[in-house]
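Letters are used for the chains, namely A, B, C and D, taken in the order the chains are written, and counting of residues starts over at 1 for each.
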Amino acid sequence: MVSGKMIESGNGPIRLGMVGGGQGAFIGGVHRIAARIDGEFQLVAGALSSSPEKAKASAAELGLDPSRSYGSFQEMAKAESSRADGIEAVSIVTPNHMHWPAAKAFLDAGIHVICDKPLTSNLADAKKLAALVAKSGKVFVLTHNYTGYPMIRQARDMVQKGQLGEIRVVQAEYPQDWLTTKVEDTGAKQAVWRTDPKQSGAGGATGDIGTHAYNLARFVTGLELDSLSADLNAFVKGRLLDDNAHVMLRFKSGAKGMLWASQVAPGNENALKLRVYGTKGGIEWSQEQPNHLWFTPFGEPKQLITRAGAGAGPAAARVSRVPSGHPEGYLEGFATIYAEAARAIRAARRKNGKPAKDVIYPTVADGVEGVAFVEACVKSSKKNAAWTKL
Amino acid sequence: MVSGKMIESGNGPIRLGMVGGGQGAFIGGVHRIAARIDGEFQLVAGALSSSPEKAKASAAELGLDPSRSYGSFQEMAKAESSRADGIEAVSIVTPNHMHWPAAKAFLDAGIHVICDKPLTSNLADAKKLAALVAKSGKVFVLTHNYTGYPMIRQARDMVQKGQLGEIRVVQAEYPQDWLTTKVEDTGAKQAVWRTDPKQSGAGGATGDIGTHAYNLARFVTGLELDSLSADLNAFVKGRLLDDNAHVMLRFKSGAKGMLWASQVAPGNENALKLRVYGTKGGIEWSQEQPNHLWFTPFGEPKQLITRAGAGAGPAAARVSRVPSGHPEGYLEGFATIYAEAARAIRAARRKNGKPAKDVIYPTVADGVEGVAFVEACVKSSKKNAAWTKL
Amino acid sequence: MVSGKMIESGNGPIRLGMVGGGQGAFIGGVHRIAARIDGEFQLVAGALSSSPEKAKASAAELGLDPSRSYGSFQEMAKAESSRADGIEAVSIVTPNHMHWPAAKAFLDAGIHVICDKPLTSNLADAKKLAALVAKSGKVFVLTHNYTGYPMIRQARDMVQKGQLGEIRVVQAEYPQDWLTTKVEDTGAKQAVWRTDPKQSGAGGATGDIGTHAYNLARFVTGLELDSLSADLNAFVKGRLLDDNAHVMLRFKSGAKGMLWASQVAPGNENALKLRVYGTKGGIEWSQEQPNHLWFTPFGEPKQLITRAGAGAGPAAARVSRVPSGHPEGYLEGFATIYAEAARAIRAARRKNGKPAKDVIYPTVADGVEGVAFVEACVKSSKKNAAWTKL
Amino acid sequence: MVSGKMIESGNGPIRLGMVGGGQGAFIGGVHRIAARIDGEFQLVAGALSSSPEKAKASAAELGLDPSRSYGSFQEMAKAESSRADGIEAVSIVTPNHMHWPAAKAFLDAGIHVICDKPLTSNLADAKKLAALVAKSGKVFVLTHNYTGYPMIRQARDMVQKGQLGEIRVVQAEYPQDWLTTKVEDTGAKQAVWRTDPKQSGAGGATGDIGTHAYNLARFVTGLELDSLSADLNAFVKGRLLDDNAHVMLRFKSGAKGMLWASQVAPGNENALKLRVYGTKGGIEWSQEQPNHLWFTPFGEPKQLITRAGAGAGPAAARVSRVPSGHPEGYLEGFATIYAEAARAIRAARRKNGKPAKDVIYPTVADGVEGVAFVEACVKSSKKNAAWTKL
């Protein structure tokens, strides 16, 4: 046992609204827990479903004031921005195609935005959104939640400090198995919209999980992509979007990579894994065992660096809540994105306020990069895996 | 991805106070996060430290109304019980010796109690507390948090359903390494009180972590102890309490067990592990990888049952928040104890209300058993490891 | 403990010669141990080194009759084939470029050949060798040793029995780290010839370990390759052959795959790994933990099938020597290739003799496929990773 | 890949005989493979079974000269010792109760002995055997094979060099599951004699596997036992010997330990595990993953030391055959005992010859210690786990 730290804030929670996330949704509940963990947000308003009945019932379950349960995000943006105690920030947790219109409504209303990934369902929307964020001056946080894991922060810090030397090879993968059969035909909500191009955009596995793997690789290594070669498949007959993606990567630095995303790999639940190898050492990390980072300085024994344990530095400690050996998981990593958002929003409360330098969160630019990645994969795959720039 | 469920309650959060848990504490912050995760509690009052300055500063950091930051738990019990909006429940997160007087004050004031473990610093206090709880009719929850892990619930359910057959052997261990050197001499708060008999009671490792291992073994197997033989050591010179405990167990059913608790085993962070073997099968679980339960039906391949994955049943699903492959950790398991406490407290709000049958939490009786375990270990060890009944 | 079986043969050992494998070599010693493990061979002659002194000294260390230690393989083929007690088989363990001339000499002399991989240093030689083997009627065994692992036999059997359904995705990788620096400049023999195109052929990592990964994928899945897209690199400056290979695979069945071979991935020793996913299930196997095979029937818990343990069938048992839990390793897997070779050679002793149907070993055709794979990778990579047929 | 070394000897193999190990036996085949792996022995004679038919058939399978297949060990000792080319050493692989008479016959005949463990079926025989060995001047090697694993040599070396500091805690365990049901009633040979006090001696699990765990703990730590407290059980009804043993250990140095041996723990194949903790660090090793040794210098990250990899020293390298990442297993570890025996026997061929100082093998004294351990466990358990000296 080591001393814990107090991470709750006494400045009063940030007033938060939510778009999407009603009954039957998955990621909305995750956002709400993430928002609560560190005590920095209070959910006070919602447009929780496009179905009015479901919206109402969901709001009641969450104990929202019925007058702040809205039938549409447009209505909510308007009403909340005109209240003295209106929401300061909104979480957008709808299917992808609604991210852009919803984000626009709230940014236009002067409200900070926390948005699920991928940023939008197409690159044109993504670019418009980036421009609008820049113009608005508002905080925009994209929940590429895996960047909130302490050992991913540690890994990034080690790369930046040169502990791996010059990066040569990046191996990123994100296999799952839940779409091995045509589960979308059973009406399962999570599967239905993720396999529907109108709601998801051009990418299936590529957009849903490939973007996570790509974002994580960039986050940790800091490398910029030159081009990619992608071979996408929809293995399940009749599926409209890819459920398996093989991608080769060429980075501007000369480093090379491979990326595999799959929703049809039986035995894989959420097996995001990142491996990075450089001239001086290598690191390996698996999302399902997130408190562990394997580090091999070339020529020395492999080391197991644990969250908050020996060998873990301030970059990991800054976003840890409990001592080593007490596993932190997916929700804590997600909560770290919210905690960073809170720091940015609190800084924005002050005139010309900027968050501290060590505050890190995925931005709208990361989101544009992700959507560009999806579109480049689709384009490359259609051209027989031709090398394609983002 | 599978559909999530909405676990937040719309009935309004339970008003919570806290005793202990001020700046520099570890477990207080854990309790607060646990209380927030499912949105069932709101912290509104505190007697956060025996130091008035620290209490005040801690309360400010937590955003408590200064008028509800108290100088002592006695004062808090009195004041809060006389408010219409007073706390409904209190979390006691002090060193062990204060559990009994604090719990008594709040039970006497008609306030439900959530108390850290071990229950008290001696068996006499434990028994008095048990009697008082019975008389009070209040909810009393002991935070043996590891019983909140979904795969522990799964394991218990499998034992109850007979999937292991008749239990023969139980192996429980909880090694750590943080007290390998005499860290209490550095003034580290967590080490100082845990190695001080006046604050901790008769057990060192035995009380701090041995009780967890023993509680977990009982929780999963349902076995009752007949007697134990313990060999305790304080390996670090000058340490007043045991930092390593070897215990052999004899259960009333004829099953046998071993229990090892250590704070001086380098390379172990919080390596609580439980293994149970019966006539039909065996299970193995490690706290540092809590989403996994290994199950071997005798004569068949070993199976990896994952939280919310294939093979996991309703007992685990009931206390899961996110799909399989998204690791839940220590804080979520702890939060489940709070969620169960909330269910019990909400039931108690109703006249003659009882929680649903599937609500499970460690009780004051479990706490008495734990303190009796510590005292039996100490007694046995002093008598050259003679077999001792609780 | 379970009963073991007697695998030693009473028919007298097969008389074996060796080309290469003198002092300072690595793989020669491995072949000798492999040949001894099951008692089926006796080494009686050698042309152990191109250096006469080293050949002589090496033969003495091995206890060979000095008169049967030869200065060249040509001399050995001639002399041994004219002895009544001459060798029946020869092991060729030289650098790649010598495989073809040595194999030719012994096949021409009517001697069975066991040859290290890759088959030859170029495809033209490979094809000539295949034609010669066909014409000779002699046994030719290529030591793709990983096909000798019991759990690889098990995996192949499960695929053949349809337990994975239709194969969709194959992930094969073989990372190492021993060439992270320019170790060939230190004169290390193993590195020198492996990075020399004259001795190795066109492939570096591709030839040395990529061929193993490719062979293993084919062996287990039975899939035939349609085409590949390869991006090869020599990351270490001045290195003449690739030390990292990224390859995308398209199989004729419509299945897709990725293959990664690297000698510059710090933290990887010999991390050959194969993962195969089909419509009904998935399997995962790692060479460094060869006694374990992970199998997930879709929708059920992951199973750990162990060599000779529950769930392992006759295909694995046939090539196991000790009970489950007693790890068999690299040398045992290698020995299985020798044991299969022995079965084929003993069958060949009989007129028109054929080995039993369950005797399996890598053939000259597998060798041609491997060399074609290397040349296709090199060709594809030179054409900017264009899809290339073998 | 790194350069291998030549470990075969040119001095001609040692002529070996075998007592026991006929058809249906397990350990005899293991001894034969172990004897062959390094090319140091040649099996030339045997008394392979007490059944004349089985002895004959077994000898034929092994290709022994029929005239050197004997009907009894007495006959064999007499005949072989009178031949000029008689055996130099014998391997005794019978059930325990025959070790003493067989060993006596060969020692009396001036033949070196390699004997399976435990040494004998009772302490009186063990002591007589030790006296006889001393008097005979012959080499006597007990096959506590796990001491042949390279990483166990590494662990021992690290302890001796003080890398763990002063040892405080030893955790040794050896669980299996093959006797979970009353398999001896099915006639399975391995189970029948191991559960028969007349053939095995006073210990069941204690003798068969507990002795291995105890020997390993002593081998690695060098600690001497003061006393033990044992609680033995025969969980399977009607079984005459213990199938589960819980033992607490007190070493003379003040270190403490626990030892668990079980044959009724479903899910455990051969899960021998040793963990040692000292003032400066801890090590952990598992037999089923023998190429790995975990080492944590207190306050630093855990290190994975691999056989022949970075961090492994000469003590491990001396008994390694292949580079790191190429797993060596049970048979190789066993072979190392034979290789050490060969070194001792070759030294003994020289007048007053002694093997080199680094030659290490389990001796008759280790065997006496093991049998004393079994008898002390049984005695302690009968006295309600009273502390008992060996």
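We adopt the following convention: contacts are C-beta pairs under 8 Å (C-beta built on N, C-alpha and C of every residue); 3 or more make two chains touch, one makes a residue touch a chain.
Going by UniProt, the chains are A, B, C, D = Predicted dehydrogenase.
All values reported here derive from a predicted model rather than from experimental measurement.
Novice: Considering only chains that satisfy the touch condition with subunit B, which of them also satisfy it with subunit C?
Specialist: Touching subunit B and subunit C alike, sorted by label: A, D.
Novice: Please state whether B-D or A-D has more C-beta contact pairs across its interface.
Specialist: By number of C-beta pairs in contact, B-D is the larger.
Novice: Could you work out which chain's C-alpha centre is the most distant one from the centre of subunit D?
Specialist: Checked the centroid distances; the maximum from subunit D is A.
Novice: So, what's the distance in Å between the C-alpha centres of subunit D and subunit B?
Specialist: Roughly 44 Å separates the two chain centres.
Novice: What whole-Å value do you get for the distance between subunit C and subunit D if each is reduced to the mean of its CA atoms?
Specialist: Roughly 33 Å, centre to centre.
Novice: How many Å are there between the centre of subunit A and the centre of subunit D, using C-alpha atoms for each centre?
Specialist: Once rounded, the distance between the two centres reads 55 Å.
Novice: Please set out, as single numbers or ranges, the residues of subunit C touching at least two other chains.
Specialist: In subunit C, 268, 295, 302, 306, 309 touch at least two other chains.
Novice: Tell me, which parts of subunit C touch subunit A in their complex?
Specialist: Those residues of subunit C that touch subunit A are 168-169, 171, 177, 180-181, 229, 231, 233, 235, 244, 246, 248, 250, 256-258, 260, 262, 264-268, 275, 277-284, 294-298, 302, 384-385, 387.
Novice: List the residues on subunit A that touch subunit D in their complex, please.
Specialist: It comes out as residues 295, 299-306, 309-311.
Novice: Once bound in the complex, which stretches of subunit B touch subunit A?
Specialist: 1-13, 23-30, 32-33, 36-39, 58, 60-64, 176, 178, 188-191, 194, 208, 268-271, 287-291, 306, 309, 321-332
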